[in-house]
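One chain, chain A, appears in both complexes that follow, with chain B as partner in the first and chain C in the second.
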Partner chain A sequence: MTTTATPETPATPAARPRHTGRFARLLDAAAPRSTVLMIVGGVLTLVGAYLPWVTFVLNEGPYPEKATLNFFVDPFGVTGFRLHLVILGLAAIVVAALRRIPARHRIVRGLGIGATVVALINGLWITVEGGGLGAITASEGTIAFGSIVALVGGLVTVLGASAGGLERKPVWTWTLPWWVEWILLVVLFVIVLLLVAAVLTSGGQGGVVNPYAGVVFLSLLAALGGAFAALNASGLLTWVSAVSERHRTFSVIVLLIVALLLPLTSAGTEYWMTVASNIGVYAATAIGLNIVVGLAGLLDLGYVAFLGIGAFVAANLSGAAASQIGIHLPFVLVMIISSVVAGMFGAIVGSPTLRVRGDYLAIVTLAFGEIFVRSAQNNIGGLTGGANAIPNIPAVGVGDFKFSDSVVIGSLRLPSGVLYYFLIVLLVAAVMLVFAHLKNSRLGRAWIAIREDEDAASAMGIRTGPIKILAFLIGAMLAGLAGAFFAHKTAVVAYDSFRFLESVTLLAAVILGGMGTIPGAVLGASILFVLPEKLREFSDYRLLLFGLALVLIMRFRPQGIVPDRHRKAELTDPDVEDVAKEGPGPLPTRVEP
Partner chain B sequence: MHAVEETPRLSTFLSQIANGLVLGSLIALIALGYTMVYGIITLINFAHGEIFMVGAYGGLATLTYILPTAIATTWYFALPIALVAGAIVAMLIAVAMERFAYRPLRNAPRLAPLITALGVSVALQEAMRVFYPGATAALPFPNLFIEGAVVIPIGDGVVIRYVGILLIVMSLVLAFGLERFVERTRLGRAMRATSQDRDVARLMGIDPDRVIVLTFAIGGALAGVAGVLYGSYLNNINIDMGFQNGIFAFTAAVLGGIGNIRGAVVGGLVIGLVKALGGQYLPGGTAYDYVWIFVVLIIVLVFRPQGFFGESERVRA
Partner chain C sequence: MSENPQTADGTPTDGTTTDGTTTDGTSAAAEAVVEVEAPPEEVTAELAEDMHIATGTREPILVSSGVTMQFGGLRALSDVNLSLHEGEIIGLIGPNGAGKTTFFNCLTGLYTPTSGQVTLRGRAMPQDPARVTEAGVARTFQNIRLFPSMTATENVLVGRHVRMKQGPISSLLHGPRFRRSEAEAAERAEKLLAFVGLTRFSDELARNLPYGDQRRLEIARALATDPSVLLLDEPTAGMNAQETEATRQLIFAIRDLGVSVVVIEHDTKFIFTLCDRVLVLVQGELLVEGSPDEVRGDPRVVEAYLGAPPEEVSAQLQTGGAADGAGTAEGKSE
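Moving on, here comes the complex of A and B:
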């Protein structure tokens, strides 16, 4: 076993405390005491977790995790967000104190940001819900400085870590015996499964059932985000992904099995199975869109129409009473037909790519999408049901056996909807497989070449026209598949599900996750379709926040959560950074097409 | 017998022409903003339609909450005040949008500002729905001009409301004024220079940031005026009006040759006529009138992307 940690020593000046930017002075002043600051910040976070957070019982009932009224008496009974703060704070102290750990400033910064956001979310929520600052400071003889102390702690941690200078991510090159790595991967994937189940179910269903569902969920997300950032900074995530890359087939199989085990976790109720299935539909669609946008670089603003076409085709072939075509075909056949029909429309929508490029193409696709919605709304050819939709689509099944039934295996009772969940997991896996193979194929390389520079690609002998249309065709086919599933799962297909906003949401999912990557599309779709489920209290502000989030993502992290390597290089152009920081300094190099 | 049938048909046709011209001049007014912004920073400012919507709400808010009833119901006070108020609100939003959303992305890849524009569009629409009292449903908007209509005695009579005539006249006057401004003034020359080559313009002592802000301000103000006139003509406004009309306006701008002021006006009128006549005579009726506009958009983009007045075939990457 070789344990060679090789922290790359890059020639960037940022490695030493010569700070630039808005907080340069503050960071320079803090630099000599960065370790002390990190530890102090960690301690403050810890203390904050144990202080009372609320001065009185809120209108909606006591704030979760006993964060109300009294100084916390039971030091080992911390749960929920206070436990997350304790863990983040302790981890920050330990990592800051161990000078041998490579990239410790970067790790601690991740932890500090996590703690800051957790404190901020809970503090803000209490302030907003509980009637102003009185709820979190001092009122009627009780004091509650928990959130403020934890917030300051988090900020001090971040300050100390940033002042110490952020190192490059270390690269670990451990290799273990294959069976140890296999066991490690299985354990890690099971942990991921449990985390996914915890995130999905955290705070419950939201709305009336649990008034604090939204904040519990957001807070958990922030804590996990901080931990994730810290792990990433330590280089361990990169190492794990390298390990799973070494055992590619094994990882894929384990991941698939783990995904199929979700019904056995706390998420194994009918409600969460439905949520998970819906996420699956949008994840599959987002992967299809990822081919068009992420690989081939063709912006499609009407993509959800293909999901709609697939769904309407399936609805018409399902034997539903409202469908015009009174035939009932087996589901597998329906899926194939939906997919093919959607693919045909994809080729039609894609054909203008022969002449139109860039944002003009985006507008053409938007126009096609709008034409689809308008036609569906007007019940074109009697195929879409118009405003009445096509209701009562029968469940997938053979004879008496229906996919919507619950499953009993011995003493194990799986909730209804679980079969649909299995089906969509397999579907998403298939779509992923298609995507991964395409990406690494001759065709995928041609798409990427077209994305990078169409003229150069064409000069290299790539027949750009048919290949671009093929991107639309394949993307649409995948969406059509998802649409067929969607029709049967939800049992109702209405034109309203396929509006422009849905296309934008799908696009946002692809961009948020990271264009051109599979985990990115799945992650983006999960986030964007779980959030509204969780933030029912905020349903009024949902779209507003969504719009603002789009703007902020484009501003601060255009490469997404899981950036594609090529994309990353493309979007973080050094020239751009210079101009953004120094204002109108040197002339930006602008290349006229 | 034959003649009796012919005249109502003619009057229907002429009525639809009139409707189309009114709608078209409204779209033209919005298209001016699109075309100017695209001309200068080659950005499809999706949120421009929402600026138009915000302008309408700004005008309505002034009428409802600020002006005393006596003034708000007297058209020769209310009309100019509402127009100016709508223009100012729309202009402020447009400038803020440029400053906070688009300027940081000035040198980013093309995809980024387009998606930002979508985000701004959604955010503005939702902000209005959430924060403007009663905006969850369509709100009534008073007619700010003289009631009544001109009736041309052909067949059943071709009715053109005064406010429609006002709309046509105002948009033609404003477009003409804008063209004079761009062609004749120093600032206009700076705008043209910036749109041709931002870097060389900077070398000539022009501050491109100021010119771009000015472009957004003018486009926003015109959209605000259009918003108030729209409300005045249709007598109700809703938060969806921005998206639809914004797309129409974009179509008009492309149709006329993007970056071209006259083209935007002509394109707007053509789009208005397509919608009115398409809704009347093409299969599907008014339910499909939007579809025809999108069909026109696709055909134009595919076969003549430089539009009517476009200078040369430019490959857009």
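Moving on, here comes the complex of A and C:
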């Protein structure tokens, strides 16, 4: 067992790096006391977590449960975001105090950013919901400075960590016996499963009756983002991914099994199974789009039309009463036909790529998306049902057995919709396999070469025209597959599921997650399609928040959450590398080598 | 440095003496100024075997006859004739705007000549860059055009594209034949990177490579298409003396693989010490064609480059031609 860690910068004041940039003076002043600042920040975060946060009980009920004045009834029972703050604060104090931990400042900075964003999100929400600053400061004799103290704590932590000089991420080269690594991977994947279930269900089902859903979800994301950034800074994440790379096949199998076990967690209700299935549909579509945009570099602004084409084809072949074609084909056959039809349209839409490039192609695809929606809305050929949609699409099934039924195995009762969930997990896995295999082939290299420099690619003997059309065709086929599933799962296919906004969201999912990577597309699709579920109460501001989040991500992490190996190297500025995913970034610092 | 024993003597213009002097002068100068690593011999031998380019005939491979290119009212090329024989290195020089790159673009199918014809081994050249490459003509670009976000190995693998046969289905299934062809391509890429001396950068992104190495990678990528003709557009632009010398050795080694080479270059010293034959293009017309010595001594060339020839310059050029080695060394130390 060997350990290699890059040597930490000496902590003597003389050797301290000088800062440059806008906050240089502040950071230089803070530098000699960085450790103290980090600890003070952590303590403030803790104190903030234990102070009351709201001066009155909100209309929809107390928020958060014990953060109002009745807090003193139960002093140690922090839950929810205050528990997250306590954990982040304690971790910051411990790491700051242990001088021997490599990349200590970088880790603490991640924790600090997490705490800052959690305090900011909750404070802002209470302010908005409570009708002004009075909600989080003092009003009618009651005092509640919790959010402000926690916010200051988080910022001080970040300041201390940044001032102390950010170290390079250490590299760990431990190798354990293979069975230990297997067990480790299984444990980690199960933890990931539980986290996914927790994130998915956090705040519960959004809606008018549950206005807390969105903010609880965002707050949990921020806390996890901070913890994730800290883990990443410690180099452990890189090590774990190296381990899983060593046991690639094993990891893939375990991951698939773990994904199939989601119904056994807290997410095992009909509602969450439906949400998870929808995420799966969009994840599969996003991976298809990733071929067109991420690999071949062709901007497609009307991509959701292919999902729609797949869905309408499946609806018409499903034997639904409203369908124009009164035949009922087996689901597998329907999927294949949907996929082929969508692929044909993909090739048609892709054909202008022979002549137009870049922005002009984007306009062509945008127009195609609009043509599709308008045609569907006007029920052209009677194939789409127009405003009436195509309802009552029968569930997938064999004989009397329906996929929409709940499953009872002995004493274990799985919610209805669980079979659809299993189906979409397998479908997404298959789509991932297609993507991975194509990416690492002659075809994938040709796509990337076209993205990089089309003229040079054709000078290398790549027939760019057919290969670009092939990207559109394969991408559309994957979307068509997802569309066939979507039609049967939701039982209703209406034109308004495939509007421009959905195309943009899919594109955003690909860019947000990281262009050209599988986990990126899945993660992006998950976040972007869970958010609307959670933020129903804020549906008026949804697009605003959405746009804001995208701007911030493009500013602080242009390579996406899970960057492609190549794009990472291209876009990474060493200082921006580990910034957490949400919220404002740290004070910009630049450490001289 | 690579052995360069047999000179390409299938052409009417170059005599053995000329060539001998040139090469000797080069190596002397190189040893005097800098140590330059040439491609390792065993790699060259293996590659030559893999690529199967040399046919042993002395037939002209690439022939352009009466190529004329008209852009609106501008005549960029008029009646340019060229015949490239197997194993030959031809230099194309001329002042800026003389039509050198236009001529390259005509040769590689990027432009369709207004009149005239380009043939490769007796067949008309296809009018599509991808098909031209497939037919066996590869090129590099004046301003480097690598795939910046791909690694050096991946760049070379893209060059293999045209010689690999996997279709979409086989790419999807990753069957045994797919794996075999991938392994072969990877092996070839490794050899080519060794050939141009970039093994240590194989996993580095192209954009991160030093400038000179990017040019070498571009050459490796072009060689990956198994070309019988390689067109190099200013391969030493922006290079220092040492890198230029290394490039010269590399081009000799490429010739030894059996690839015929056409080089565009501004650096006349580089051209005169490298090429078997030199063509001077001025205002779209072929001004002079001949061995380096003939071209160097030609007063029309001096005039084209410098305007009306003052006695001094002309004389200097003449003496430079005579005392070849010294002249080259001087040029290098600049």
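To be clear about the criterion, the second predicted complex is superposed on the first by the 538 of 593 C-alpha atoms of A that agree within 3 Å, B and C clash if a C-alpha of one lies under 4 Å from a C-alpha of the other, contacts with A are read in each partner's own complex, and residues count from 1 in each chain.
As a working rule, a contact is a pair of C-beta atoms (placed from the backbone, for glycine too) under 8 Å apart; a residue touches a chain by one contact, two chains touch by 3 or more.
Nothing here was measured: the structure is a model prediction, and the numbers come from that model.
When both complexes are overlaid on chain A, the residue A:A456 reaches chain C alone and has no touch with chain B. In the superposed pair of complexes, A:L507 makes contact with chain B only, with no contact to chain C.
When the two structures are aligned on the shared chain, A:A387 is found in touch with neither chain B nor chain C. Between chain B and chain C, B touches the greater number of residues of chain A.
In the superposition on chain A, contact is made by A:T464 with chain C only, not with chain B.
Contacts of A:D540 after superposition: chain B is touched, whereas chain C is not reached.
In the superposition on chain A, A:V551 contacts chain B only, with no contact to chain C.
In the superposition on chain A, A:D359 contacts chain B only, with no contact to chain C.
Shared interface residues of chain A, touching chain B in one complex and chain C in the other, are 570. Of all the residues in chain A, the ones that touch chain B in their complex are 299, 301, 352, 355-360, 362-364, 366-368, 370-371, 374-375, 377-378, 454, 500-501, 504, 507-508, 511, 540-541, 543-544, 546-551, 554-555, 558, 570-571, 573, 575-576, 579-580, 584, 587-588, 590, 593. The part of chain B that touches chain A in the complex is made up of residues 44, 101, 104-116, 118-127, 130, 198-199, 202, 209, 243, 247, 250, 254, 284, 287-288, 290-291, 294-295, 297-298, 301-303, 305, 315-317. Of all residues in chain A, those touching chain C in their complex are 434, 437-438, 441-446, 448-449, 452-453, 455-464, 470, 474, 566-567, 569-570.
Within the complex formed with chain A, the residues of chain C that make contact are 108, 128-130, 133-134, 138-139, 141, 145-151, 154, 157-162, 164, 166, 168, 171-174, 178, 181-182, 185, 205, 207-208, 221-222, 225.
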